[in-house]
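A, B, C and D label the chains in the order they appear, each numbered from 1.
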Amino acid sequence: MATETMHLDVTHPVAIKRPARESQFGLMWRRFKRHKLAVVSLWIAALFYAVALFAEFLAPVDPSAYSARYTYAPPQGLHFVAVNEDGGWEFGPYVYGYKTEIDPVALRRTFVIDEEVRLPVRFFAESKPYNLFGFIPLTTKFIGVENPRDPFYILGADRLGRDMLSRLIHGTRISLSIGLAGVTLSLFFGIVIGGFAGYYGGWFDSATMRVVEFIRSMPTIPLWLGLAAAMPKDWSALQTYFAITLILSLIGWTELARVVRGRFLSLRTEDFVTAAQLDGASDWRIITRHMVPSFMSHIIAAATLAIPGMILAETALSFLGLGLQAPIVSWGTLLQDAQNIRTLASAPWLLAPGVCVVVIILAMNFFGDGLRDAADPHGR
Amino acid sequence: MPLIPMDAKPILTIKDMSIVFSSPDEADIEAVRQVDLTLSPGKTLALVGESGCGKSVTARSVLRLLDRNARIQRGSMLFAPGDEPPTDIAKLKADSLPLRAIRGREISMIFQEPMTSLSPVHTIGDQIDEMLILHERLKPKQARERTVALFDQVGIPGARERADSYPFQLSGGLRQRAMIAMALACAPKVLIADEPTTALDVTTQAQILDLLRQLQADFGMAMLFITHDLGVVAEIADEVAVMYLGDVVEQGSVFDVFAAPSHPYTQALMSSIPKMARKADRVRLSPIKGTVPAPRDRPEGCAFTSRCPHAFEPCATVRPERTALGNGHHARCHLLTRQPAEVVA
Amino acid sequence: MLGFIIRRLIAMLLTLVAVSIVAFAIIQLPPGDYLTSYIAQLSSTGDQVDPRVIENLRVQYGLGEPFYIQYWKWITGIVQGNFGQSFEWKRPVWELIWGRLGNSIMVEGLAVIVMWVIAVPIGIYVAVRKYSLGDYLATVAGFIGLAVPNFFFALILMYLAYIWFGTTMGGLFSPQFETARWSLPRIWDFLAHAWAPVLVLATAGTAELIRILRANLLDELQKPYVTTARAKGLPEWKVILKYPVRLALNPLISTIGWLLPALVSGSVIVSVVMNLPTAGPMLLRSLTTQDMYLAGAIILLLSVLTVIGTVISDILLALIDPRIRYGSK
Amino acid sequence: MRMRKDNVFGLTGAVALAAMMLAAAPALAQQQSPALDELVSAGTLPPVAERLPVNPLVVDGPSVGTYGGTWRMGMNGGGDNGMIVKTVAYEGLLRYDHEWKGVLPNLAERWESNADATEYTFKLRDGVKWSDGTPFTTEDIAFTVEIYNDPDYPANSWIDNKNNPATLTVIDDTSFKFTFAKPNGMFLETLASTDGLHITSLQKKYCSQFHPTYNENAEAEAKAAGFDSWALYLQDRCAWGWETIRFSNPDLPVLYPWVIDQPLSANAARVTWKRNPYYFKTDSAGNQLPYIDNLDMRVSQGGVEELTLAALNGEIDFQERHIATNVNKPLFFDGQEAGGYHLGEVIPSASNTLVLQLNLNHLDPVKNALYNSKDFRVGLSHAIDRQEIIDVVFTGQGEPFQVAPRPESQFYDEELAKQYTQFDPDLAAQHFEAAGLVERNGDGIYLMSDGNPAKITVDVISALRPEWIDMLEIMQLQLGAAGIELELNNIDRTLFYEKRPAGEFDAQIWAGDGGIEALQEPRYYFPFSDESVWAYRWAQWFNGTRPEIAVEPADWAKEQMDLYNQVRAEADPEKRADLFRQVLAITKEQFPVVGVSLMPNSYSIVRNNLKNVPDSMFNAWLFPTPAPMDPVTWYFE
């Protein structure tokens, strides 16, 4: 009797699979949209990257433009609505002026926001000519005071009277691009090495995994310190920047390699891979055309989650004086400037880069989490 | 009140039960609608249907093991052991003491995949002892003795040593035997077997079915047997209920239903079973055309409309009534109450 | 089980050899050696250094020999318990670092404990009450803990302590307990000082642990054996604690291994800011002065600690998880 | 500790003071700290009269102090030996007066020299004892000279200076003579400065046991102690002058006012000192100095923030080092009342905040010619808006200034200090033209004679003085507008020094040392030492140190060297000053380096209950503040 059984389940014809990529991403996107926080985070992250991209346009002034009169000037804020003398309402962006005094004994300037003086602010204000991306000549900035001689410090000024907002915007470019470049490099190493290990298995796999375990068991900061200390000291700022990125990714690839390897191991035995192998497709083709697309979403999620670590690492290294150094403007170097008690006590607005770090890392984490959930609703 | 005339008083009566799944961003889905089932001591009710038809959900709802997003929207589950007034399980709180007193002790359950249904990091004995300690208030030593005895009873060789094994150290058949031993530990009045043989190979499957039958004879419990395998139904069940997309489309004694399937879905199921015949006489099996629609695409009316060869005008919009066909045989089909003006092919 | 431990220990030894080579390579990487930075330091105070003296020092310190010879001398010395001399302090390295390492281990060990004590209940709660208000709060708090750079947190904590309580945080002991022997009051004094750095160190890790535990537990909660346990009639808390939590903790135990390197790294920065006499600041200084045997020993020992931590967590895992113990998949 | 002290001085202080005055009045008997009374009565320490020299050095503060208390301060990292030099270790044969003008007797009671400044005879104070009670005699001096000349002992000082070796002649137990091959007119100043500490740093009795000449088992004992050779063991136990590890050995006998209690070590969280019962100074009332019983130096682990907070919190009694930064001043100013301290004035010895030293010995002929053009340097100077830098970076503190002796110095010359300091782009352009810079590229940068843009890569160590980067960033913009490109190269200290002999760097940045001690530190006035980075190869020629890279200097520099050699040979301070003014006159004419602004005064944190602290003091490495201001006479009220 039992031999006659017929299972109902297998009788349904399987719907023809649409190309794995599209359906997977479409599905992923739909699931992703359900995470409100992740969607908001995506927008925040996108905003930050847009700021990084258009730094020259968005920064009101040159990040190195100093002013003796406005050292440690507090933030003016940006106001939109004002009550004029007649008690009527006026609209339009403006900032307040400053009243300043120099205290030669205590060696400082004291600022009072002068609400009597309103300095009108313009969007798409005219500026000195500059090059966007280094080659598009422009004479318009996103925002600026009507009279360029007036002080304009929405987020306050640093010890040299440099505009914190502009420095922050330019720092965003460096810090975020380090994260992105580092992750891209890590991703490259991770996919190639982890992919080969997972695909071929055997001794190469165990050797790779030993190396990964080994690198992961090294405490990172000493490793960074050693490598950073080993960098030729006469390298230019730009070379240092690339070297730091490389150092960060030298350690970052291991995590991604593990993820990729794990996926490869489980995919290797999947039917569609076997089918492709039976079709006589080359290993390279199988890896790039069949396997990688099928878990690209996981990789993207893992990569997104790796970016915050990179950003944090850059700030930490710069903080210890081993990463980027002035005059390069990054969140790390800005924080290095702000890491004294004086700043905490009297110029807390210099901690704005710290806030940015927190915000972008929160956003990237939520975004990455959402992506991961969307890519794999049950797994991790 | 028994719907089917029975020798014994029913022990569990499910009446008009609907189960709804809700999700934060989609409309609620009624996974089980208006189900009536009755379990009697010493009898086996088989619940048959394809994956996703709601049979497991129904079974789990008896022990209130459904996920947090599922709720019993209407209906009752009256559990009436002995002479005490019946308890409506549907009204009990999910983690309440009365419910926990029923779980495992009065009603217990066997699951499909014994490998994953047993904790991999606890010994099998430990997982069974626990129940005895909990419900029978035995000392750990006594509980272990009982476990070993149970192992003997379910035919696990070397029972004492096996009790100290981990699930992954046993074969699939032994694991399922252990699972059965666990379910029977407190001599429950109702046993729910959720596809207990699906994951096993054919020989083992037969052994397990024999064992279950044997144990039912020994313990006299009522059994709710979930399966998608009509062969298994014929082998073990007294009564059968066929489910399709949340509806019990037909129910009755195994004999009646197999002899005279009244719902087009049951008919289709029957015709998909291969018959023993010589090679030359064999006919092609006729698979059911189409695929099971997603629950959210289920029509207002009869769920089977989209695949039914006899579907006609009211099917898609009006839900067929539960129609008695005598001798406790019921079906939900418009064909039983009205004549189609014109068969829509 | 014994075979497993032996295999693991052999692998550990091989890893340690590799670690020692890398550690030595790292301290050899920077151009120049201790003497060049020493000369630079002397010159800046206006001293002129006699080349004869430098030559003598180079010989005394064994500098200028090929890499493999220096490494061989170093590693054979270490095997015999001699970590070499610190150039700057002219003392045997071991004498300099054991106290520091002890402090590092205490602070980091305490951080691990705090992380677990905080993370496990919260992790269980947020997994069981998925998408509840508590889940969101814990997630957001956890992410903030993850996102605030350690040094930043330490600095703010110190300043707030000064503003609010008028105390200067920093160090691990009060002056009177600095050199005292261990006693109950000294332990109390240590705890009174260590809570802040431990808190700073533990925040990021706690967030990470909560995330891992939550994800693991969510996975496990969906497993059929949980339903089985419920079907037995066990109370919900017991169902969760005995079964899914037990399994969800397993991968967490294996995280001890790689939590340690992260903690060690974090403690370098926190120690610099909060003035803790741990191995971190000493490493930083020895790297900048190119006091290579000192730097090498610290890097080596920190890595060894990590490797040992990994091995311990592996063995622990095998002990509590029969699947690993009996070699099942 | 503090609690107890408060009680003592709050209630019983007056009584104690009165008792002390009574005791002191009748016989002017010598007094000691009550902290030592017990030791003396127990017999472990001889009475104070036996511990003091026959003729103690009498040093008076403005008021007679009371004994006791702990002076709390902070060190930055374990390698901060400078802190100790500046507070404890300044005990040489001679010492400076408070005004940093002349030298005073210290361990040497008196001295004389011959007319051509080649022979100096000293008489040691009779009966001075090391901290272990052993007498300090010429034997120790002789031993020190011997050890310093031993190549296995890596110390460098005037004692074993190859250019002008010193020969020691021991006359008797307390008298000896140094004879120099060449005249050494500034030897007394050297002895009074930090460099003078070498000669009094080693005790023969203790240190000879580590040297094989005196102890044939020295090598074996070193091995037993875990050292690879006797030399390393000797270096460890008896480190030279002020080397860091010298303060790690509590057994090393010293002549300091305080001796090590908790030694400096790589692990130390604090370094503490207790009074030296054998210290050789008293006040005129006969009280053995110092007044303060203990020193407590907390060791921060590489960050000064903790120290800053401690100072604000009143946990620092006196300190200038590390924490008195420009940036922190408002913070400390505001915190005075809460922290119970006030700010004292500290006058730096450096003349200038930033010295731009173009490499006049550049190996690239084009740059060499350009940098050697005085017009180019004058043009650079005029292109810098110094007032703006002062306003931005120093909040208006200081004034435009060249690298020249400070106004406090006897060599101050307003013309030297102020020439070419006015900001005048047109004038700058004229000078650039005179230097051969006419053509400009698209960015407005002048082209040098080889057609390359005039770009100066400036090496700077920002870790040393953070404001250098700030100043250079401003100068970069100012000079850029004037047609000269400045590239900042922020590098590590080691590399900074390594680049010098190579001769291919464009320019390096340092502070303007020699603003007060111009005579001893004339590195910017003529190619004097390795620190004369602007003419490194000329300096090699002058000193004969690295003949392989030495270059014969320009005639004007040779003339300066000649004059300075005369300065060295001249024993008469007046004549020396006249000769040095001639050196400075040539400096003024040649204008070798470009300065920015006068180094503004710094400040110190002084607890209000710490008495006898001078309101104002100089600060330099050679004048190791506050030690020359006699902190042994400071006391807590």
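As a convention for this text, a residue touches a chain if its C-beta (ideal position, glycine included) is under 8 Å from a C-beta of that chain, and two chains touch if they have at least 3 such contacts.
All values derive from a computational prediction rather than experimental measurement.
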Which one of the chains is closest to the middle, using the mean of its C-alpha atoms? C
Based on CA centres, what chain would you say lies at the far end from chain A? B
I'd like the Å distance between the centres of chain B and chain C, where a centre is the mean of that chain's Cα atoms. 54
Per the C-alpha means, the centres of chain A and chain D lie apart by a whole-Å value of 47
Mean-CA-position distance for chain C and chain A (Å): 27
Separation of mean Cα positions, chain D and chain B [Å, integer]: 92
Touching two or more other chains in chain D are residues 305, 309, 312, 494-495
Counting only residues that touch at least two other chains, what does the list for chain A look like? 233, 339, 341, 345
Residue numbers in chain C touching two or more further chains are 31, 155, 159, 272-273, 280, 284
Chain C partner, complex, touching residues on chain B are 60, 63, 65, 95, 100-105, 108-109, 111-113, 116-122, 127, 130-131, 134-135, 166, 168-169, 179, 182
Which residues of chain C touch chain A once you look at their complex with the stated criterion? 11, 15, 18-19, 22, 26-27, 29-31, 140, 143-144, 146-152, 155-156, 159, 215-216, 219, 222, 257-258, 260-262, 264-266, 268-269, 272-273, 280, 283-284, 287-288, 295, 298-299, 302-303, 306-307, 310
Along chain D, where are the residues that touch chain A in the complex? 305, 308-309, 312, 326-331, 333-334, 388, 391-393, 395-397, 462-463, 469-470, 473-474, 476-477, 488-492, 494-495, 499
Per the touch rule above, chain C residues touching chain B in the complex are 223-225, 227-236, 242-243, 246-247, 250, 320-323, 326, 328
Across the complex, what residues on chain A touch chain C? 210, 213-214, 216-223, 225-227, 229-230, 232-233, 308, 312, 315-316, 319-320, 335, 339, 341, 344-345, 351, 354, 357-359, 361-362, 365-366, 378-380
